[in-house]
Every structure is written in C-alpha cells, then in structure tokens.
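Got some structures for you, see below.
Two complexes, one shared chain (chain A), two partners (chain B, chain C).
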Partner chain A sequence: MSGEAQQGAQPDAAERLTSPARVPSGGGDLARRLAQALLPIVLALVVGALLLALLGRDPLAFYGDIVRRGLLSPLGLQESITRSAPLLLLGAGLIVAFRSGLWNLGVDGQFLLAAVFAAAMAPPLAAALPVWLALLLTLAAAFAIGALWSALPALLKAGYGINEIVTTLMMSFLGVSLANVLVKLPFNDPATTVPQTATLAAADRLPRLFGTTVNLGIVIALVAILAVHWLMTRTAFGLKLRVVGANPRAAVHAGLPVARLTLAAFGLSAGLAGLAGGVEILGVWGNMRADWNPGYGLLVIPLVFLARFHGVAVIGFVFFFAVLSIGGETAARRADLPNYFNLFLVGLILVFMALTEWLGQRWQQRRET
Partner chain B sequence: MESLLGPAFLTALFAGTLAAAVPLLLAGLGEQVSEKAGVLNIGIEGMMLLGAYTGFVAAWSTGSLWLGFLFGMLGGLAVALPMLILCVWLGLNQIVIGIALTLGVEGLTALLHHVQFSRSYPRLPRVETLPIPGLSEIPVIGPALFDRHPLVYLAVLCVPLLAWVFRRSVVGLNLQAAGDKPAALDAAGVSVTATRAGAVLFTGAMAGLGGAYLSTIGAGIFVPFMTGGAGFIAIVLAMLARGRPLWVLLAALLFGACLSLTTALQVGGVRVPTDIVQMLPFAAVMLLLVAFGRRAALPAALGHPYVRGQR
Partner chain C sequence: MMSQQPEAPPPLVALEGVTKRFPGVVANDRISLSIRAGEVQALLGENGAGKSTLISLLAGMQQPDEGRILVEGRPVRLGSPREALRLGIGTVYQHSTLVPSLTVLENLILGAPWWRRLDRAGTRARLAEITAKLGVSLPENAVLGRLSLGEQQLVEIVKALWLGERLLILDEATSMLTPKGVEDLRAVVGRLREAGIAVLFITHKLSEALAFGDSISVLKAGRLVGGLSVAELRALGEQEALDCIVDMMFGTRGEQPAAEAARRLGEAGPTILEVEGLSVAAGPMEPQVREVGFQLHAGEILGIAGVDGNGQKQLAEALAGQRAATAGTIRLEGRPIQAAGVPARQRAGLRYVTDDRLGEGTIGAFPVSLNLLLKRIGTPPFWRGGVEQPEEIDRHARALIERHDVRTPGPATPIGRLSGGNIQKALLGRELDDRPKVVVYNKPTYGLDLSNIRLARAAIREQAAQGVATVLISTDLDEILELSDRIGVMLRGRLVGVVANDAEARRRIGELMIGSGAQA
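Right, the complex of A and B next:
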C-alpha cells in the first residue's frame, strides 16, 4: 500500500499516519472511531494519575480541580473558550499542512513572530485609524508574517526536496529568539520597567461577545477551521493538496504543480498559525512581554492527529484540551506543581493514540482474514 | 580588560567551543547510527533531556561523575526503549512517537525537578580535568583543548572508531543496508528489526551521555528544558554529515563555536544580547542547509517501518 513513495529520494515520512488515504473519513463505524479517539485520553489520564500519586499528590483532587475550574465555573468556562481560539487556528493550520503531507513543526515560531508584530502594530494603528480597520489590518499582517516565516522551509522543500521537519523546527527556534529580540529592542515600550511592547487599550481590542469575557477570536477561529475543513475535503484545490500529500510522485505524474502547491499549503498553514498569534494578542493580552512563549504549537499536534485531521472533530478535542490547560493551571498551583503536567499528558496521549491505531488495524486485519 | 583576539579571548573561545560541541557530537554520532539504519530519531531531544536529568541526579547523589555518565546513558536508553518497541517492532509513525516522547520527558523532568530540587537547586563541584602531558602546555590551545575531562577525549575518539565501524565492519554494512534497502538485508538473512533496534539503543545511550555531559560537566546543575533544542541540532548534524562521523565532529565544532561566542565575547569585553547569540546555531543550520542542503543525502528507507514482503 505504501510502497510506491518509498522509492523517492525524499523520505515521505508523513505518509503513514498523515495520508488521508489511510484515514477513514465519512461513514464507517462511528463507535469504533469514537473509542479509538477517547481510549488514548483515558489511558493517558490513568497513567498521569499514577505519576501524580507517585509525586505524593491526590490524582482525584487534581483532576477534580481541572474540571471544576476549567469547565464548571462560569469564569473558567469562558477562559477555556477564549483559550480555544488560538488553539483552533493552529489546528486549522496543521490540518492544511498534514493533509498536504507536510510536517509544519515550526508553528510556535510562526505564532510568536506574528504575535510580536501584531503587538507592535496594533496600538499606533488603533490611534490613527478606526478600530475595526486597525484590527483587520493587524490580523492580516499577522497572517502574512506567519506565512513569511515559513517561506524558507517551503522553498527548500519545493525546490530542493529538503526535509521540512528539520527546517521548520530550526526556523521555529530562530523565530522564538527573534521575537524576544524584537520585544526587547525595537518594539520595547520605554514607559515600562519590564521589557514588553506598548499595551493596546482594552477598548481597542477584539470586541467581547454578549457581555462575557470571550472575545471575537473564537468566532474567527471557528470560521477558519470550518473553512479549512471545507477547503480540504470539498474543493479541487484541497483535493490537489491531498494528492500531493498522499503520494508526491503520483502527483507529479498526474501533472500537478507540486512545487507551487507545496508553497501554497505552507503559506496557508503558517499564515493560520500567525493569525493565531494575532488573535491571542489582540483578544487576550493587548501587549507582548519578553520571553512569553505559551508553546501551543507542539501541543496542538496530538489533538489534530486524534481528530484524524477532521476539522469538526478538532473543535471537540481542542475544547477538551483548553479545559485541561485552564483547569490545569489552577490544579497545578493547588498541588504545588509546575504547570508542566499537561506536557507529560500530551506525550502520553500521542503514544497511546499510536498504539490504539495499531491495535485497531490489527483487529480489522484479523476480522478480514 | 583583555583585548579582543588576545590569548585569554582565544582560549575562552576554543575551550567554550569544545565544551559546547561535545554533547552535540555525542548525540550527533548516535543519531547518525540511527539514521543510517533508517530510523529518524526525533525523540533524541527527549533522550538527551532524560539523560541530563538522570545523569545529574546520579552524579549528585553518589558524588561520582562516571556513575552520572552511566545513569545518563541509562536515561537515554529508557526513552529509546519505547521508541524501539513502538517504532521498530510495531512500525508506528517515527515522528509522532518522537514528538510524543520528547514532550513527555519535558513534562516529566520538569515535574520531578520541581519536586526534588526547586528549593535547593544543588550544584555539582567543578570537575577535575586530565591534562595531557606536553600538549596541554602549548600556549592558547593547550589549556583549551588538552586540559579537559577524560570524557571529552573519549567523545572525540568515538569519531575514528565509528568511521571504522561504518566502513570496515559487518555491523556497519548491516546498518547501511537497513537504511537503504531493508529487504536486501532481510534476504541476506540478517534481521532488519534487530539491526534497527541496536541502532536505536545505541542512539539512546549516546544521546543520554551527551545530556549527562550537559548537566554534569557543562552546567553542573539540572534545569528543566535545559537541552533547548540540542537534540534537534544533532539531527541536523547527522543529516548534513551524510553518514561520515568526521563531518559530525566538524559541524559540532562549528555549532560549539557559535554557542561559545557569547562567553568568549564577554571575556573580550563585548556585551551581546543572549537572544541574538542563541539564534546563531540555528541560523548556521539554515545557512548550511541552503548552501549544501541539496546534497544532504538521506537513506532511502528513512522513516519507514520495515514490513517483510512489502515493497
């Protein structure tokens, strides 16, 4: 099944899990797919509980805090929804890349650079222009900056066939450092003692919805992820990208402009990551402090895999993770732990997801023979 | 204040270069073996980090640096083992598992560090060096290159050793076949799984040792996320070196020079923001890839699990 692409000089490592050909989309046994999606989470939570117990913490109290704070308290729930916005936009970007067979592992750098430019642009623009126009321009610029930061890996991949895993990771490290340099030197607000950019007035940020603390970002994010899902599954352009992703060699033989499609997929993917940075700054923070790096990028990857690159399913998983992340901050503080438990949990979810995937395939093979 | 390019500046630069290059060299050589055998070991960052943690804990609690190295290797192996089971035996996606292991180790070591050391922040004593008689008395480069911990010499000795293994031994041939044409290796009666498993374990031990060097000799302290992308740089070193250990050494020294430039410049009296210097090695990687990337040959079956009978 995956033999043809192996002959190519470039390792098509994305193929096994990322190829849409291998991901059952539409129809199929819903119960089994649901089980395959939820089982890894449950297993990861169990192992996480064991670690908490080993560290002398009460796992039930820890998980209880997460649910109470992240889901059940009104303020926490609003924060979870707000947190979902950048995660969804990153997820949308990753769906584009993964479905096109590209490993865009540089989303953190794209996110952060776009965020710093958004933070620097928004206050002067808001002073000179109508607020809605300033916000729109800033978001467009964030998209462009994100896309721009992926240009070099995209060109190297499209032109020379250089593995994008390494180049996007390198650009991500570069972007994170560059963002810090920008905050500390050219964009630094001299009025503050800590290095940070000038703060956008609360009235000039993304408008809040229906008197809650949730801002417009979540609407932008939901529209983006649904649009990306529609683009990748229902349009000719999306089909072309998926063909390139499934089998680049076949795509060349079918006469598709593989290089141009690769550039387009990279640009869209990184642009959405940049938009995530813009939304987070304009909606939540209003400025950017030095050394701020939430590291959302690598955390969203497992969610996108769990959702099998399905845009609607990503919404569910992202919300779950947002609750985990908002509630986890409180739970970790109460348990006197650093807020890194989520990292451990996400790593476990990925491992168990790969395992359940494997078991599911074995199970199906056995049933077929 | 010393003048720039004076002896003190140069000694600091050379010494820092070597010190920063050793963990990259160890991990890069390990990754090279893995890649040769067809396993793209993205989890190497996690292997280094766990090695740094276990190595530091062992060295700190026993007082023996060499026990620290041993436990560093064991730490790397502890991450390599799931990688082996999941990717080599079960044939799961090497990149997903690699990211998963790295994330998991980052979270785990940060938690463990917090529980054990967040109040005490213990530090290891300065390590004793082993000056090589004669050579260490050369001005400037003597104290920089020939007055180091024995592990540094051992790491450099690994280069000719691995070159010999790759070129002259059956093991080297098997490794190469496992990466280029696993079916041929299988047909010759050698187990692809066993060959790749050995390669992954070797990578784990080397990366763990590199991590242990970072925390024990390099910093003398363990900090969460202290590897900071060194594992990913090691992957790039291995890719650029195209299977030749000497090139790993040269590239590692180049990155070491980038990393040590800050300290050396400070000795020379120049202040540079650390963020800019942190960018140097990654910028160097991108430059190298733009310049030579077209020739960064990779084994044909890299990243692909081997399933017998499947082309």
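Right, the complex of A and C next:
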C-alpha cells in the first residue's frame, strides 16, 4: 500500500506513545485472492479425478469431454453462453442481497413465478403489440413479479427484524408450487397434452445474435451484472446498502433509513431473479412446462461466494459452471455416470473453498502476531 | 496444628495483597480483604473499578500476578473454575450461564464428568439438600427458560454451591430482578448467612450494599479505598454510613486539578442548545429517559455525570437523532430539530461522538476514508449525482488524517486495523470537522491509554474554547470535574440536578449520583 512510507516520516516524541496501526503489507494481494479463488477448483478437480479413477473411468477423458463439449465445440460453446444468461442475472440479484447483508434464499421461487407470468403474457402481447414492445413489457413484468414475491419477507425483515432466511425459503416453496398450479390451471394451453403454457413463436422470442443460437439474454445479463457491480461499489446508494450489510448499528448511527434500504435491496435482488426467469423463457424455451424447475438459484449462491460478491469474478465463475454443466452432461453420459456427478464436483469445490478460506485466515492471523 | 485462638478462627476466604495487571492497566492493586463464615460482605465499586477482575481471580478464571488467596488460612491456587468450585467458592454471574432449553435437573447434571452415567437420583438428592438449606423449592423437571428470572437465579446459586459451600459470589445479582425478586433474594442470602456460608455481594449500587451487606468494602480504580467492618457498620446510623461511603467513593480530599480552577462559568456566549421535557422510549432492560431539560451556551461544557446505565446513552442518542424522542423539544439556535434525522442534525452542526467506537461508530472492514464520511454519504463534493468521487474522498481523508494525527498506513486501510486511540482520533476528526456548533461526547476517553486520554481531553477543551457548546457524558468523575463548567447528574433516566463546578461540586455530585441529594 502506498501510505506505508509515510508512517516513519513524522517521528514525534509525544506520538510515539500511541501505538501505530498494524497493517499487513499489501504486496501480492491480487495474487493471493486469485489463488484463493482458483485453488478450490483445482483441488476439487484433483479429488474428482481420484474418484473417477477409483470408479474405473479415465479422468483425463472425462475432463477432456467436458472441455470439448462445453467449450471447444461451436454448438456447445453457444449453449454454455446461453446457459450463462439466467445464472448471471441470478448472480446479480444475489450480489445485491449479500452485499446488503440480506440472505435472499428465495431466488428459485422468484425466478419460477416470474417465468410463468412471462410465459403466459408473452404470446398474447406479441400478437397485439410490436415484438420489441411485447418483449420489453414482459421482461418488466418478470422483474416486477420477482420483486413482488419478495415483498412479504422484505416487509417482515424491515419492520420487525424477522429472519429473512426462513421467510424467503418458505416463500420460495410457495412460489414454486404456485407456478406449478398456474401452469396447470389458468395458464394451461388446452392444445397440448402435457401441462404447459402456450408457446411463443420462435420469431417473437429474444433475437439471436449474429446468426448463432445465443440470444440477446446474455447481453442483458452482462449489462445487469456489470451495472450491479458498479452500483454496489461506486455509488452512494450502493455504499449505503453495504453499510447496512456490514454494520446495521453503524447505519443507524449514521442516520441511514435502514428499513427503506432493506426494502430497496430486496426489491432489486428479487427483481433481478425474476428477470432471469423472464429471459430464460423468452430467450430459450418460449413456454413453460409444469415439470420445469431448473433450480439455478441455489446453484449460483456458491458461485457468488466463490467470487466474493465481485461482479466481474461472478462472470468468470458462472461461465466456468456453465461449461461444466453443459459439457458435463455429455461427459457423464459417455462415462456411463449419472449426471449428478457434476453436482458432486460443485460440492467438492464448495468444501475446498471453505477450507482455503479457513486456512487463509489462520495464515493471516499467524502473520499478524 | 490447631489454631491458637479458638475464638477467632481464620477467615473462610482471604485475599492478601492481590495484584492483577493487564497490558497498560493495573486492574487489581494490592487488594487485601477477608470474609468470615456467615458474613455477607458487600463489595461496592463503579464500572471499571476492578470488580470483574476480582471475581475472576476468586472464581479461578485468572490467577493473580502477586499476592495470595487463602481458604481457611491455607494458601491455595485456584487454577481453574473447577478447582475454585471444589474448594467451595461458587460464583453467580450477572448473565446467565445456564442452558434455557434444558430442565433444572439437566442443568445441574451438566457439570458431571462426561464418561459417567447421568446420576439423576444423586443429583436430585443434592438438589434437595441445598434447597432445604436455602429454604426454597425448585421444580426440578421444569424447563429452565420457563422459570422466572428469580427462580433461574436460584438455580444458579444451587449450581454455584454444588461442589462445596464456603463462599458464594453474587455479581450484580439484583440487576435482572423485580422488586419482589430482590426481596426473595434477601431472604435466601439470610438463609445462607445462617447456614454459615460467606457471601460476597458485588454491586455498584450503594443502597443495595447497605441493604444486603453486614460489612462493606469499596473498590475504586483497582484499589480497595476503604470499608466498614461488621462492627463499624452496626455502630453507625444509616445516614452516617451513607456519608462515610460517599466519602470513600467520591472523595473530598480537595485535590482540585489546575484546569478546574481555570474554567469559568460560560454564561458569556449566546444560548445554542435548549432541551425541554425530553423523554425517550426505553428498549428492554434500558432505563427510560424522562423529562430532561437543560440549556447550553456557546463555548460552555456541560458535564453529565452518573453511574453507567442511568439513561446517558439514550439521552445522547436522542440528542444525536438516532433514537426517537417520545416527548419534548430540542432547539438548536432557536430552531426545533427534534423531528430531524441524523444527517440533518449533522449538517446543522450537531455532532455526536459515540462511546461505542467499533460497534456503531465505525465499520471495521471499511477503509478509513469512507469511515470519515460515514454520516455524509451521498453529499457533494464527495458524491456527485450519487456517484463517488474517489479523489475528493481521498483528499478529504488525507486532510483529516493529518490534522488529527491519525496513525494509519493510508486512507484505504480498513479502520478496524488501527489502534483504539487512532480510531478515536479518526472519530473525533469526523465529528469535529466542518464547524460544529454542538458536540455531544459519550465517554470520550473510555478504553484509551493515558496519552490518548490527554489528547482527547485537549481536543474537547480546544473545541469549547472556539465556541462549541459541549455536552460531556462520562462516568469518570475526575474527567467531568476537569473539563466542565456546569455538571448535571443522570439518575434513573432523569437529570436530577445541575450544579456549578466549584469546590463543593464533587461532594454534591456524589450525593446526587446515589439519589440522596435529590430532595435537597
């Protein structure tokens, strides 16, 4: 850090009594953070390889399949990028919540409920309005539905301090069930035999980019996550949210409107989760089936932690995860393993993440003493 | 060997010249005291007088650096809480150490070795034995959390006497109790006395020390400054005893610091702050501030003395705007501001230096620069259109760091890494920046070392000299006497009196602080 030289520069007899600040040197800060982020992944891949070998599979072939299918084949790469879009929007929503000290664990319910409304709204709107306007209105509605579904936990938290972990999770179960009911009853398309909503014509969906299968959703997602990162780190509003998150009593001391900021953070976080649902329906599926619930939300949470709530880092981790899940499907099939093996890899990453975090802290403490 | 004086057996527990030091502090300084069987000794002292350290030495949590502890005349080493308990020295702490979700019996079994079977029958028998001695009954199968606080305290007492019954230490035992609960506790203490158990009753309330104690010892700044033996206390009338102890606690030795004489009554300046009938709602376990009123002139320092927890913090927070007032008005230069929030009062020139520097004053993980702007987030020139201006923020931080001599590697260093004195300098810098008109200090030197105490007091005096109207809340009477023009005393949420800082001040404040001067 730049100020280190200053400290010795003003020796003053009276001041020597006051103890100087203890600060570890800032050198290698970036390298350490990079290592702390990547080490868990490397360790997880190594342990995963050991397990594959134990099961009699060739680990190199397995990982090779993941990379080839998820990253190197043109179609696979496009799928990985497309898959990244909803994950990034969910990540953006979670960054807002986590940096504000709020555990919005209800993103899956917010996502799915917004998706079902988007799926139900889009076809009639597209028939009545210009396509761009229909899409815009649908995405706005998806954002609003997501935000609305967080209103109850947000009000309970802001007004009565009721733990949002419990309330958002419960609202998530309710949201998932309600989405299912909506698909089967009011929004059901009678023309099909399986319960699903009416299908949006391919031409009316989010436009595809440069003749690929990748749709506009990834652009929306990238803009959203970069905007959220900027909002949280560079603006007064973001700083206020971070103050509430880091030390609610300091927020009261500074006179910040804690209740209103809590509501705003919840609304933004859940709204982005809703937007993720809208983008996924309008960009990829065109309709919603009653049995569709990808459960992306809870998968993104560890990635956001791995990225330490840093928007740009989330982009990297989400893309890594997208490649792993797209490529992993093929790799698992070819290795005759259940698809769950990829989740096992994600679990390993989490375990090693916690471990490196703990070791890093111990190392830091030992250096300071 | 038999004792040579059969009429005077050695005291049950005695301390001889016990000293305990912590970095920069002598918490207990050559303390000697003794307690006999069947004696209830009240140990009286302010916060920070060294009561907690003394308890932890007797409870075996810490060992003295010098001196020794004797049990029935034999020197002992209390190396752990268990050893203390085995010697029959049990402690009931101010805050519960029991498990609320377990039953009474289960809580009592908890201390048993883990490899043994749970001995319910034995536990029940021992419980019956102790409760019989205390003259109480406890529902052994009731879940602890369902019991009243008084009953829970009884369980604590039983547990403290579980392994032996020589000395029971009660730490601020009445703080959680209702008046009825206090009465019941007195009855229990009476039974303990009859059973020949010694009780060390630790309190900061004078009235309680007199009500419970057969004898009284007074602890002040780590030293035993005096006491009344059983015989002396019996010989004195209540008022005489009271006077005697006020004398020990607050002193009338007439050692006036030089700065005191230099202060004059600051009636010269115009009235800046007027507070009228200010009442503040209380949270759970908090005193309610009622109808506080005072006037403050430019350049004047109003000291607010009082034993900690009599509503000073609540009053300060209401003045700062971070706690809503339920009634009353606050006028700053004639304009009512009681409805304004913290940022508006901050802009108007009313500043609050909190005593909770890490808990609410700063955010440890945030850089020094942002902590210096904590109450001005979003204001120009540091934010424009809601977007931060890093150069402005950095420049502001560097200027304050230099002006207030905050020792930090740089503005970007997380403030939690700085020493307590430097954090306080940063806080003072933040609140005294940009022409303050009124500054409310809450315990501004609490937890600081000597050199930083001197710096903080100099800053307060210098600000006042420049015309800042100052409210100085402190539990350190010497600090208040050194700095203030007038001194008010908070007692149970009320400002019970305001006196001029003259030669008589120390004595009158001492009386006001314990409530005996309220009617005068």
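One rule holds in what follows: the second predicted complex is superposed on the first by the 329 of 369 C-alpha atoms of A that agree within 3 Å, B and C clash if a C-alpha of one lies under 4 Å from a C-alpha of the other, contacts with A are read in each partner's own complex, and residues count from 1 in each chain.
Note that a residue touches a chain if its C-beta (ideal position, glycine included) is under 8 Å from a C-beta of that chain, and two chains touch if they have at least 3 such contacts.
Treat the numbers as computed from the prediction; the structure is a model and nothing was measured.
Colleague: Classify the contacts of A:F237 with the two partner chains as first (chain B alone), second (chain C alone), both, or neither.
Modeller: After superposing on A, A:F237 lies in contact with chain C but is clear of chain B.
Colleague: I'd like to know which partner A:V219 touches here: chain B for first, chain C for second, both or neither.
Modeller: neither
Colleague: Between chain C and chain B, which one touches more residues of chain A when both complexes sit on the common chain A?
Modeller: Higher number of touched chain A residues: B.
Colleague: Which partner does A:R249 reach: the first (chain B), the second (chain C), both, or neither?
Modeller: In the superposition, A:R249 touches chain C alone.
Colleague: Share the list of chain A residues that count as touching for chain B in one structure and for chain C in the other.
Modeller: Common to the two interfaces on chain A: residues 1-3, 6-7, 14, 17.
Colleague: Hey, which residues of chain B end up touching chain A in the complex?
Modeller: Counting only chain B, the residues touching chain A are 40, 42, 82, 86, 90-97, 99-108, 110-112, 114-115, 118, 224, 229, 232, 235-236, 239, 273, 275-276, 278-279, 282-283, 285-286, 289-290, 293-294, 296-298, 300-305, 310-311.
Colleague: Considering only the defined contacts, which chain A positions touch chain B in the complex?
Modeller: Per the stated touch rule, the residues are 1-3, 6-7, 9-14, 16-17, 51, 55-56, 103, 105, 152, 156, 160, 162-163, 165-167, 169-171, 173-174, 177-178, 180-181, 184-185, 298-299, 301-302, 305, 337-338, 340-351, 353-355, 357-358.
Colleague: How about chain C: which of its residues touch chain A in the complex?
Modeller: Residue positions touching the partner: 320-322, 341-343, 345-346, 354, 356, 359-366, 370, 374-375, 377-378, 383, 386-388, 405, 407-413, 417-419, 421-422, 449-452, 455.
Colleague: Along chain A, where are the residues that touch chain C in the complex?
Modeller: Checking each residue of chain A against chain C gives 1-4, 6-7, 14-15, 17-23, 234-237, 239-240, 242-243, 246-247, 249-250, 252-256.
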